[in-house]
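Both complexes below contain chain A, partnered by chain B and then by chain C.
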Partner chain A sequence: MFVIAPFLWALSTSFKDFNSVTGGAKYIPWLQFEPSLEGWSVLIRSQGKGGVNIIEPYFNSVFVTCSASLLSIIFGTLAAYALSRFTFKAGFIKNNDITFFFISQRIMPPIVLSIPFFLMLGFLGLLDSLLGLILVYMVLLMPIAVWIMVDFFNRVPKEIDETALIDGCNPFEAFFKVVLPNSIPGLIVAGLFCIIFGWIDFFFAFILTFTKVQLLPVAIVALNSSVTPWWSLSASALVSVAPLIIVAFIVERYLSKGNLSGALK
Partner chain B sequence: MAEIELKNIAHSYDYKSENPTYALNPFSLTWEDGGCYAILGPSGCGKTTMLNIMSGLVSPSKGSVLFDGTDITSVKTEKRNIAQVFQFPVIYNTMSVYSNLAFPLKCRNFDENIIKSKVIEVAEILNLNLFLDKAAKDLTADQKQLISLGRGLVREDVAAILMDEPLTVIDPDLKFRLRRKLKEINEKYNTTLIYVTHDQNEAMTFAKKIIVMDSGNIVQVGNPKELFERPQTTFVGYFIGSPAMNIYDCAVLSDFDVSIGNIQLKTSTNLSNVKSGQLKIGIRSEFIKLVNNKSENTIEAKIEIVEDFGNYKLITVNKNNLIIKAKVERETTIPHDVVLLNIPAEHCCIYQNKNLI
Partner chain C sequence: MNLITENLCFKPEHEYYLNDISLEFKAGNLYTLLGRTLSGKTSFLKTIAGLQPVDSGQITFAGKDFNSIPVWKRNVAMVYQQFINYPHLTVFDNIAFPLKQRKMKFSDIQNEVSSAIKKVGLQGFEKRKIQELSGGQQQRVALARSLAKKAKILLLDEPLVNLDYKLREDLRNEFKNIFSGDLSSQSILIYASTDPLEAMQLNGNIIVIDEGKILQHDSAKEVFENPSNVRVAEITNEPAMNIVNGSIESKKIILNKDVQIDLPDKLKTIKPGKYFFGLRASDIVLDDSGFQFVVDLAEISGSETILHLHQDNLKFVSLINEVKNFNNRDKVMLKIMSENLYVFNEKGNLIFSPFKNK
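Then we have the complex of A and B:
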């Protein structure tokens, strides 16, 4: 009920026009109205013809989220493997402290980071650019990747690595040929979380961009003007959650098939 | 194939701390090429550490490892050409059985044809030839363990195959057959096998030479007969044999006689030089005989329990609060109250400060 109802509400609103939204229905609130494609058509119409700018932010979002997730997974996995397998010690700081340091990045409220990020990107000349956003998102997503992968690698018995060494791999081959293929389920879960958290972020997308580069969440909020266009807002909201739902469905299928079970014994 | 020599090896996992605790106390040991060894000892006695030192997974705090006289202490695991099988089957889940078996050869860039013929040969030995195309993760636990074993066997020139309680997950019948197969492999290919176990039966039936360990020390190296008849320490006496050796405090009476409480026993050990130290006498329950007539070394004792184990009977008797266990043949008729037990002098082992005299 609480999960589906907002979606249905948005779905029905997206097919309404101004009168249906504000006037309300006579008998059945969600179904009794004249369907209109106004809400959807604004999304694809060019801006000159009264449309809204949503397609470019959409692809910006896809690009930024995917790049940042991919980089976070690559670096996060390497960091997690090192944290899981090797012992680090610098004074009182040990492996667990380093792992916690990664996670602590997600514990503090994002607003704490906003000013430093703004200044840093300003210094580097990367404000209002895709590259700048990718870098910032990487900082936000890597803790998730490290956290999930450390836990995953800890559950992969170290005998697997040792066996690979005994069989004649060097430590890098052991990681890439043996440990990594065994960790695909973890990679998928970590990737999924990165994509979700990257995709839904509004805060940094809002603060670190102005006019040149816009991401989807910011563009959707920007639709709101003096008269709230509920129909196009609903339509764009549905469009923005669609990729996540599709990804979730595919992964869920894949996971439930048992192909990804992490058992090694 | 190589002779492996461990020279003055000692290992501590916290070597750099002020008071390191040693998992392995200093020792030297040579494993002959083509030998069939078992390392026997309770959990935590340093067996696995010793294996890991040989395979290079652990570098020893002190001492050196030599393969055929060449010092390889600092050589990395992947360059050592040694095989190790762990307690639980370690297989590469994402690969087929064939790829699993071929992996050690592929890592060493062998020719594809050689790999194929070798994998098929090993698969036949281990009865895995019907599963070669299957995904390794779909096999049963014992088949998976065979794969682990197979990965050690595909390399002909491997210095030794180290096995760390490899048959724990396998059911008894197959265990027996696998042990036989391992022995066959040892005889056929002359591969050095080193087998770690805490099960004395496994060690006794498998190995020609057994290394008994206790809390980081090698306490005895010998063949099954030596371990059974002449345990070098009281620990070996306790640890090997079922039931454990009967061990009692004793005192010297004369050159060859000792007393346990008020029981007097003749032994075959010359005790004339024994002046001090805690003395104990150990008698295997298998050597104690039930007799009808009193003679030398005969004790009259009250029967407490008679247990029938199917293939033998274990009688527990009490002589002045001294509990003695004796193993007798199943058909033996046992009197109800009092029995006469004969303890052969040549099977009395005398220990001074826990070490055999």
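Then we have the complex of A and C:
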């Protein structure tokens, strides 16, 4: 009930208009209120016609989230494999310290990172750009990928890599031909978390963009005005959460498919 | 095609994993590396495979410096005690994996894989995923992969240890058949085991290893009959050989104040003094004319009973060739077969064996 109820509320509200929202608690269309498409049409109407176009911010969000997640998974997986399989030592810094360094990026409150990010992107001329956001999101998402994949690789028996080496693979082949195909569930989980955390971020999307580039969470907040348009906010919330639900449903099938039970009984 | 290791040493922290190991392995021979857990068996096999570095020492194979050749170019096959396979591949693809790495023709791969599958008795399982196989079948896949590769060095690291008793017996017999086939004439087989019985059954050359050091390297018969020291005597017997501190005085072997045995004729050449005496568990038998011992623990193992006994400070393990029920603290009379006693000097080295001095 706690999962479904907010969705049903948002779905119901998205088909209301001003009168239906302000006229007391009403939930069932046609019986309690007359459904209206106003909340949805605002999202695709141009600004000249009183709408708030979220299509461009939507695709910006898709592009930034997917690119940052993909890059984070690629680099994060390689880093995690190295941290899982090789021993690093530089003075007092060892493997666990390096892993903690990655995770520490997520421990700090975002506000702490915002000023350095703002200054760095300003210096690189990447403020208010998709590339700048992708770079920042990589910093935020890669720790998740590293964290999940280190744990996953630690559970993949090292002997599998060794057997691949003995069977004629060089270390790169062993990783790509043997370790990676057996790590698909971990990759999917890490990818899913990266997409979720990238998609829902508002703070950095708000701080690091101005006029040229806008991401979906910022566009949704921009819908708000002196009178809160609950109907269009609800519609945009549903639109925003839809990709995550679709991805989760697709991914769920693959999560149960791959496992390592036959690697080391 | 000899494999030679010279003065291999590996001491990553405070303990030696490999301690000055110098051995020569000849093609066509089976070598059993026998040692307790953490004795350095796996480290040694991994060093030969190239998976573990060494601090010093040289490995030469067929006259070439093996240290400088990376793992994937060594043409070595290894079967682990865990059943290591590639879970994302079918049985066929698992076995074909090393052959595909060599970029062999598909028809040749098919022939080699079929032949290996036949050897390990997995016909009909080619399209199965690894997860759909039992433990024994998974280990057969691992073995088939190493056989299909036709490696010049085949390393088997306790391949039967994680299998149940019956399967272990079956596979051990199959191993003997596989090893005695054409493969054995071209390859060096090194089989690591903790089980002395297994080592004796395989009947190859036995290398006894402990704390990273080679204690004895001889034929199975020689190691069994003449263990070079007390540690070898313990490692190569199951239950471990009883080693007790005692002395020879006034034509008697004195093990404690109550257990004193007349010195057998063949031991009369040994000078009086302090010694370690070794006696196999099967050489302590129930006999009313013997000494009284107290049962600490009785274990029934198959058709035998293993008794853990003591009398004062003297502790023995006895192997009775029948199933009998004993309670803890039962008093039993046991005869020590003194003609089968081994004698080791105070440093633990063998000075008398009942076999050598027959």
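Going forward, the second predicted complex is superposed on the first by the 248 of 265 C-alpha atoms of A that agree within 3 Å, B and C clash if a C-alpha of one lies under 4 Å from a C-alpha of the other, contacts with A are read in each partner's own complex, and residues count from 1 in each chain.
In this text, contacts are C-beta pairs under 8 Å (C-beta built on N, C-alpha and C of every residue); 3 or more make two chains touch, one makes a residue touch a chain.
No experiment lies behind these values; they were computed from the predicted model shown.
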Exercise. Have a look at where A:167 lands relative to chain B and chain C in the superposition and call it first, second, both or neither.
Key: both
Exercise. Using the superposition on chain A described above, determine whether A:245 touches chain B (first), chain C (second), both, or neither.
Key: neither
Quiz item: Can A:182 be said to touch chain B (first), chain C (second), both, or neither?
Solution: both
Exercise. Scan A:93 for contacts with chain B and chain C and give back first, second, both or neither.
Key: neither
Practice problem: Check whether A:157 is in contact with chain B, with chain C, with both or with neither, and answer first, second, both or neither. | Solution: both
Exercise. Check the residue A:119 against both partner chains and state whether it touches chain B (first), chain C (second), both, or neither.
Key: neither
Quiz item: If you lay the two complexes on top of each other, which residues of chain A touch chain B in one and chain C in the other?
Solution: 157, 159-160, 162-170, 173, 178, 181-182, 263-265
Exercise. Quick one: which bits of chain B touch chain A in the complex? Just the residue numbers, please.
Key: 55-57, 76-78, 81-84, 86, 88-94, 103-104, 107-108, 137, 141, 148, 151
Exercise. Would you pull the chain C residues touching chain A in the complex into a rising list?
Key: 46, 49-51, 70-74, 76-78, 80, 82-88, 97-98, 101-102, 129-133, 135, 138, 145, 149, 162
Quiz item: Okay, in this complex, where on chain A does chain B touch?
Solution: 157, 159-160, 162-170, 173, 178, 181-182, 184, 263-265
Quiz item: Where on chain A does chain C make contact in their complex?
Solution: 157, 159-160, 162-170, 173, 178, 181-182, 258-265
